[in-house]
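Beneath this line is the structure, given in structure tokens, with notes to follow.
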Amino acid sequence: MFRYSHQLQFSAKPEKPDALYAMKVQELIGGQFGEMTVMMQYLFQGFNCRMPGKYKDMIMDIGTEEIGHVEMLTTMVARLLEGAPAEVTEKAVATNPVLAAVIGGQNPHHAIVAGGGAMPTNSQGVPWNAGYIVASGNLLTDFRSNVAAEAQSRLQTSRLYGMTDDPGVKAMLQFNLARDTFHQQQWLLGIQQLVDDGLADVLEDSRGSEEDQQQNHTFWSFSLDGSAAGEGRWASGTALVGDQPIEYLPEPAFLTDDDGLLPPPDPELFSTYDGDQGPGTPGDAAGARVQGAKNVATKIKDALT
Amino acid sequence: MFRYSHQLQFSAKPEKPDALYAMKVQELIGGQFGEMTVMMQYLFQGFNCRMPGKYKDMIMDIGTEEIGHVEMLTTMVARLLEGAPAEVTEKAVATNPVLAAVIGGQNPHHAIVAGGGAMPTNSQGVPWNAGYIVASGNLLTDFRSNVAAEAQSRLQTSRLYGMTDDPGVKAMLQFNLARDTFHQQQWLLGIQQLVDDGLADVLEDSRGSEEDQQQNHTFWSFSLDGSAAGEGRWASGTALVGDQPIEYLPEPAFLTDDDGLLPPPDPELFSTYDGDQGPGTPGDAAGARVQGAKNVATKIKDALT
Amino acid sequence: MFRYSHQLQFSAKPEKPDALYAMKVQELIGGQFGEMTVMMQYLFQGFNCRMPGKYKDMIMDIGTEEIGHVEMLTTMVARLLEGAPAEVTEKAVATNPVLAAVIGGQNPHHAIVAGGGAMPTNSQGVPWNAGYIVASGNLLTDFRSNVAAEAQSRLQTSRLYGMTDDPGVKAMLQFNLARDTFHQQQWLLGIQQLVDDGLADVLEDSRGSEEDQQQNHTFWSFSLDGSAAGEGRWASGTALVGDQPIEYLPEPAFLTDDDGLLPPPDPELFSTYDGDQGPGTPGDAAGARVQGAKNVATKIKDALT
Amino acid sequence: MFRYSHQLQFSAKPEKPDALYAMKVQELIGGQFGEMTVMMQYLFQGFNCRMPGKYKDMIMDIGTEEIGHVEMLTTMVARLLEGAPAEVTEKAVATNPVLAAVIGGQNPHHAIVAGGGAMPTNSQGVPWNAGYIVASGNLLTDFRSNVAAEAQSRLQTSRLYGMTDDPGVKAMLQFNLARDTFHQQQWLLGIQQLVDDGLADVLEDSRGSEEDQQQNHTFWSFSLDGSAAGEGRWASGTALVGDQPIEYLPEPAFLTDDDGLLPPPDPELFSTYDGDQGPGTPGDAAGARVQGAKNVATKIKDALT
Amino acid sequence: MFRYSHQLQFSAKPEKPDALYAMKVQELIGGQFGEMTVMMQYLFQGFNCRMPGKYKDMIMDIGTEEIGHVEMLTTMVARLLEGAPAEVTEKAVATNPVLAAVIGGQNPHHAIVAGGGAMPTNSQGVPWNAGYIVASGNLLTDFRSNVAAEAQSRLQTSRLYGMTDDPGVKAMLQFNLARDTFHQQQWLLGIQQLVDDGLADVLEDSRGSEEDQQQNHTFWSFSLDGSAAGEGRWASGTALVGDQPIEYLPEPAFLTDDDGLLPPPDPELFSTYDGDQGPGTPGDAAGARVQGAKNVATKIKDALT
Amino acid sequence: MFRYSHQLQFSAKPEKPDALYAMKVQELIGGQFGEMTVMMQYLFQGFNCRMPGKYKDMIMDIGTEEIGHVEMLTTMVARLLEGAPAEVTEKAVATNPVLAAVIGGQNPHHAIVAGGGAMPTNSQGVPWNAGYIVASGNLLTDFRSNVAAEAQSRLQTSRLYGMTDDPGVKAMLQFNLARDTFHQQQWLLGIQQLVDDGLADVLEDSRGSEEDQQQNHTFWSFSLDGSAAGEGRWASGTALVGDQPIEYLPEPAFLTDDDGLLPPPDPELFSTYDGDQGPGTPGDAAGARVQGAKNVATKIKDALT
């Protein structure tokens, strides 16, 4: 269960309004790596976590902090939009070219849809969607996604930092940069903790004994005119999995003579076919070899007797 | 520029058709972490890479391999769909309950839309979209996203591996598991190489000197009834950035008295407001303080003279 | 079945072209509450309506009117785009700053994709989608959604009205404002009619006797530092359902000691788990307790004898 | 800023797992009117609210409660998935038809993507997206959307209630039904409070004096073979706006002779045109009548002198 | 403006309900090539058409017919859903395996969201979106898209036809097949009419004289191990454009030595770069070579004097 | 399997950067008919093709070429973005109106998300999605979609061609125009080849004998005030299917007296209903007439004996 305080975690006060910058800040709210993403990603990871204790609590702590970050950024956007020239019409534009530029660049939704507030969308107006988030139930895997999300988020914040002069905005972004830095560490240290607790080995090696033991340490090059990829650490030295040396394959070698030839099509689906491979398998009971009625009846009969 | 061979990289031959499993395999084609994602992600990273040589070549090599993986998986799906009971009608269902189950579970698009072939969608029928992919121009950040993508992909493959008995399917998934394992290593070693080449430090520290020097090593807990999060490595020991010890903050301390109060709204946007904070700023030229006409005129005049 | 007339319901003639305004008008066509939304929402409600007569006819009447509103707005957009500076190149821009502003702000799809016509998208270029619409089969519930849709639509039209000087555009928007006003009334009066016809009580109370009889008149506050929410009508006075007084709960009281602890995971799904709660339930026939084969066999046996 | 407690607001304990029902419960999490929608809708309305005090606090109180509802429902789904037959293969299916049915109907993402946890998607696997939510800055309008959202949500919960026998699930749904009932009241009473506080009139009448004074109380019928729509309250009696009687228009009367004829197209956009209306307006500086260079130069000159 | 009749164009009466088939029929309503697509595609083409007369009228006639097709199909779905086993719970399933199969396969939205009616989604539950439709303003191009849409739609209808025994459903699909056949002809004949009216040549050749005169009649093969593509009509004989013979290029020949090397990045965007190509161009006024302030000032000065 | 070369197929070198044009070029990359669409469309058609030989090879050849076109366009965009004024702040804008215009119009993602590279989105920032592509298994039908896709793509390229002065950009677009022209021919000639090979007739006539033999050559007009549609070739002359003359139906004639009346609703779904048609069919085992337990038991009994 959740509760809220009226105060923000950190102040979100621009010195002056700036409708163009408000449009850009939307990326940090509803973009692929905006605060809505990390908030929902961590909450779902926390809700689905199977282990009470330090892992679940840590995830919930950060997820809860991120709700407050959405709050800070939406507050910033609403303040940046104060007096945004929404109602300026042709007449005003004609006498003020710079004003026209702001009008051209500002987010029309800020005025028309949100009435001067933030939108749950990215800087291009695309609504946030849950296809961005990750919560697999496997913490090692998810912590890697979290490291990546914080890294992308921090990079975007760094870029946005250079696009404003406003000291109030810069102050908040300095806070955001620091939290992104810390949260990156947190997930990296979380991975270390999983290793220390013996919770990583098993998972990292899911189906490890069944995977192809050659292809897990072979670099394939697909270049036709020479590749420098063989010069990197990824193409030589000991593999991270097992203790075989990484093999570099400069020319791809087919591991099969399978040329992808498909079976004749079900005639009732009207796929194009010249008949060269004989008649197709009809998609009816007869064709569904695996689940033939006779077979089932026998099994049920067995169960009944 | 690209070229293709008729042969597959690895064979994609199921022993028997299985329409239900074909539905599930779609996750590996058009899911959030399916092969379409890694293919497009690596190609865009490669196309946008600023450095000719080993990094760009390595990215292009893997991206090109992934095109072939989409090919292998779509081939597998088409073969698993042979004779899928698409045309079975009520009459057939009534006499064969197991057949009915397959009909209930199979992907209707496999028959109606694709005519017995694979779809560019996930296992729930949601079309793949480019909002899944990442290509930021910063290799360190993107390699982290790539590690995460390969990890999620490998985890999903591990899960799918347990959902089939078919030796032909299992053989291909063993190959896929191994490639996911190797590609994870590749991106991890890519990060190591960036560090060795001195290309990571600068980037990792983008705006490093400007970020809040306290908040980059402080863990905030937001629990109201005690949190075990303080027991993890992320809450004690030396921070990864700088050499300060991580500080654990058991109760959040507001860094501001900003309570998010917004300015009075633009009256022409008809947002609800009781007038207590005085009149709102109209969204016209007058209100757009930053870009007032007078100001501009002066600047242009300066430039002209 | 539907038919059409060549004439528009109301004239859609701007005095002058205005490519920037055309971009904004798109919100009224393909936005969340644009005419495409109400058109498809009412048509689906009408098609799915279970009662021939005044309700179905009223819904169909308005739905059919809305098709014509899409027509009016697309016509307006195409006329506003006359001579839009699509082919203006750098050279022209350099000598005319205001022209540049229009070029910056105009919708690139209007020229590149639609060839000077309207698009089925919102003002940010996001395609309209059917996830916006509502047709539940329950008229009381849907009429509430319709009131809301007309209110949002009217609000957006009011905002757009202030963003143009063009008398031709304003004339059409005056018509649109009036229709939104009337359609709001229509759905409000529709709700009244449902009440008068005895069709609301039953539905409003679906599962009424089974709902928690305390929680349907209790206001929970979740604030940590005092909330003024107790001052509103929603927190005191008689509840609208039943005749109990609304209760105001200043501090949340847990109704359970359930702390969300999840069961041990299926080991084949490789979710992170330390084993503290014992082994997980495997996701196979044995684990699927509810549907054990034995159980089924017995039931079928019973049915057969 | 937000905080959390480990306990749930209400218990989420099914008596037995049920993978099919888990698939359906997803509608209440990530559907158009699921808890993610109301949670994000109320939080954005609260963040963007211009008035400190009872309105903002009330919105924040409910928004915060809804975060906990997402938590309850995701917990319920994870528990319903215990032992879900994810790894069951052909062989098992062939001997147990009912098991096969569950396999056909269950959500493949629950196993493959989420590892036995809930997904941020609806019951069909479509990811939640922010295009569902509404936060316009106008409280009257938004409270109407909130009433509608709670009504749709309650209706869907009522339907789901009839689809299970499980007493633990039913207990939680009884709580949910009650909260939906109360939240409906809350928004209805919120509207009453806005009226009492004099904050509704102005807003409801935005641009009221400018709207077409005939079309705001006229019902148009568009039926070709008789409509019963005239029998409803919406077609007679006094209008809700103004005190005119509603007028019923049995046959649509064109208010214009505008037949939607578009101007000749910009020749450089290659739209089909036979030239009958003369040459089209080129989309270059010359054609952009409104923003001609000469005009601008004059205005700037004026501003400079 | 539009009007409606109560009667359907063709009867939509299934002999018996069939909830599984209802799920499939959704493809014809809200799928990529469902009736919502052709309805909105033709209406937008008609609204944006620049020529009054036979073309616009023909497009509007078919678009209007398609609204009625959406009506027929939604009616069919609602009737197929009569008595759909939505409320069947575990207990019932356990005694009736076939019932379980229907429950597994039916669309959960039909009950939970639509209350027994059709949804504006495809057979997988993905909402229809306007990204499917095409209306470019160029009739020749759009008629080609229309031919393709009708062909795909007819193919899907053909496939669905084989998936039912119900004579009432089959009768309606026979009508739909015929209309798809006729509409295909209509657009093919529309293309012929455009040719006859001299409206095709110009458009087909847009920028014809500027296109590369070699590459418009050359087939490139990209196969590494031999391609049979040279055996087709597309690789020999006279080209359709101009009267050159088509040239077959068995091995791709680079037309450039451009290896895609990108310029050094803007340092403030923190893209990975080793400095080998010199310093990057900063993204500020100085770097924006094309639009330098000095340059502009001169131009304005010129315009002013 | 695929391989790549470092060189581009054709050079992608703009003479000068132009951030505004880069935004527009995105349409050719990630738009509905951008290169991502044709690339993925042809690859899926090729992967799913049932016939080895000239058809499959031709499709694969073109699909492989298109991967290289995505590469060319992304390279062009990255070069057009050199020095794009991303970090320009208010101060710079105030002194340079033209710069402001570029800032207003440029794609914020180019700097914030991609760090100066191309995005997998259209010119409005909407991510590419697989709902754009078509691969039905029927080559005749798909080749029609391919003709349409190339035509729309060529039209958009023609429009973009007129929006730049840059000779380097124009050179590449001349190449693109030519390839679009050739690929259009290729698919048209592919259709001719299918006809020559006897692979079109069968498919075109799928279910031909079952379709309504009147409605496949009848033009329906739905205009209320006269339609000129009867003047086109589509309304007279011999039909393309069969040798009947096309019939023109100036007034729609209902082919049924079905007025779409729906059956009474399932009472547990709470759809609005006044009871006039008797009680609704409950959605339980009893109501699911088609699949009654008794019926099934009999069938299974028959199979067992």
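Letters A, B, C, D, E and F mark the chains as written, and numbering starts fresh at 1 in each.
Just so we're on the same page, a residue touches a chain if its C-beta (ideal position, glycine included) is under 8 Å from a C-beta of that chain, and two chains touch if they have at least 3 such contacts.
By chain, with names taken from UniProt: A, B, C, D, E, F = Catalase.
Please read all numbers here as calculations on a predicted model, not as lab measurements.
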item	value
Each chain counted as touching chain C (Catalase) and chain F (Catalase) at once	A, B, D, E
Given chain B (Catalase) and chain F (Catalase), the chains that contact each of them	A, C, D, E
Matching chain pair for C-F (criterion: over half of the contact pairs shared, by residue number), options A-D, D-E or B-F	D-E
Distance between chain centroids, defined by C-alpha means - chain A (Catalase), chain B (Catalase) (Å)	3
Geometric centre distance via CA averages, chain F (Catalase)-chain D (Catalase), whole Å	27
Residue numbers of chain F (Catalase) (touch at least two other chains)	1-9, 18, 32, 47-48, 55, 60, 64-65, 71, 75, 78, 86-88, 90, 93-98, 100-105, 111, 113, 115-117, 121, 124-127, 129, 131, 136-138, 140, 155-156, 158-159, 162, 206, 222-224, 252, 254, 259-260, 262-263, 265, 268-271, 290-291, 293, 296, 300, 303
List of chain D (Catalase) residues in touch with chain B (Catalase) within their complex	1-7, 47-52, 55, 86-91, 93-94, 97, 100-101, 103-105, 107-109, 111-113, 115, 121, 124-127, 136-140, 194, 197, 199, 202-203, 206, 300, 303-304
Residue ranges of chain E (Catalase) in contact with chain B (Catalase) within the complex	18, 20, 23-24, 27, 31-32, 97-98, 100-106, 122-126, 155-156, 159-160, 162-166, 222-226, 252, 254, 259-265, 269-274, 276, 293-294, 296-297, 300-301, 304
Touching residues (chain side chain A (Catalase), partner chain D (Catalase)) in the complex	1-5, 7-9, 30, 36, 40, 43-44, 47-48, 60, 64-65, 67-68, 70-71, 74-75, 78, 90, 93-97, 113-121, 127-131, 133, 135-138, 290-291, 295-296, 299-300, 302-303
Touch list for chain B (Catalase) against partner chain C (Catalase), complex	155, 158-159, 162, 268-270
